[in-house]
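Note sheet for the following structure.
Chain lettering (A, B, C and D) follows the sequence in which the chains are written, and residue indices restart at 1 in each chain.
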Amino acid sequence: MDNQNINEKLVSLEGWNYNAEKGMLYKEFVFKGYLKTIGFVNAIAWIANRENHHPDLEVSFNKCLVKLTTHDDGNQLSDKDFNLAKLIQEL
Amino acid sequence: MDNQNINEKLVSLEGWNYNAEKGMLYKEFVFKGYLKTIGFVNAIAWIANRENHHPDLEVSFNKCLVKLTTHDDGNQLSDKDFNLAKLIQEL
Amino acid sequence: MDNQNINEKLVSLEGWNYNAEKGMLYKEFVFKGYLKTIGFVNAIAWIANRENHHPDLEVSFNKCLVKLTTHDDGNQLSDKDFNLAKLIQEL
Amino acid sequence: MDNQNINEKLVSLEGWNYNAEKGMLYKEFVFKGYLKTIGFVNAIAWIANRENHHPDLEVSFNKCLVKLTTHDDGNQLSDKDFNLAKLIQEL
């Protein structure tokens, strides 16, 4: 996926960022309290399991950093990543 | 919500049933194993928390019975129930 | 497991009840809010998966009814049930 | 907590490591599959919520890196961290 393609897709994903070096799409979500953060992790887990594409998560008390890349493809972005970002965005 | 209205809405909800006596919409979901069942419970919990409408769940090893009614309304069905059923159906 | 044995074991399990007809050990847990109830379900799920013995759960907004029996044994109580009740009690 | 104290406590925590620079206790747990990884996250969440001490987690498909420090104390280790590590170890 070339940079122009990536940038076009990024436009519709509010708050998501692209790290070119790591071939990674990421966004930090902030919550009011720990149990909401954990609830979000579980909501992502359901989608990830269903879509068979699994983000890396960094979870703290009130934040969850979601990191997407396609490992099979040498850590580049693929449609799988943008699809998952869109589904997470809709949560 | 009268019976005709309920029956019309039920048509598009595959596998859901209506118990008139209890004013309850319900469906049993079956899963391959316990962890998938629990994953489903968490997916429902996310939606229920977001929509501020909470189904009753009967959870066993590989099944989850989802029961919807509107308690505030004297255990009758409301649009909230049909909305939640639709969202659960799309999981 | 005979009734005397059951009653002796019940003494140390605060709030648990025995239903002789169903061969079932049960307790209702009450929580402050939905996310705590769901957190409890997940804590039970971890233990149930580890111990390979799975309670039936009735989950509502702020309550979780835990029901234990040994299905393989024709719905009688076994040591597995008392062991799981003790572990849940310690949560 | 001085280094001698930390090293003595570390002995009984199999697989846990200490990063002096970050004042951090950490361990990577590996699981057979995504749903078990997520189950572990939920088990930790129950304990963290109960103990009111919350580890940072890095969650991927089959791994969970647990990182403990005491933020209030300027990112040093405290008894809270060792207590939580012990409880997580017993999961």
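The rule is short, and it goes like this: contacts are C-beta pairs under 8 Å (C-beta built on N, C-alpha and C of every residue); 3 or more make two chains touch, one makes a residue touch a chain.
Keep in mind the model is a prediction, meaning the values are calculated, not measured.
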*Note whether the interface between chain A and chain B is symmetric in residue numbering, meaning over half of all numbers used appear on both sides, and answer same or different.*
same
*Measuring between mean CA coordinates, which chain is farthest from chain D?*
B
*asked:* When I count C-beta pairs in contact, which pair ends up with more: A-C or A-D?
replied: A-D
*asked:* Counting only Cα atoms for the centres, state how far chain A is from chain C in Å.
replied: 37
*Could you tell me the distance, in whole angstrom, between the mean C-alpha positions of chain A and chain B?*
29
*Taking each chain's centre as the mean position of its Cα atoms, how many Å separate chain A from chain D?*
25
*Residues of chain B touching at least two other chains*: 35-36, 38-39, 42, 45, 49
*Name, in rising order, each residue of chain A that touches chain C in their complex.*
35-36, 38-39, 42
*Within the complex, which stretch of chain B touches chain C?*
34-35, 38, 41-42, 45, 48-49, 54, 56-61
*Within their complex, state which residues of chain B touch chain A.*
36, 39-40, 42-43, 45-46, 49-50, 91
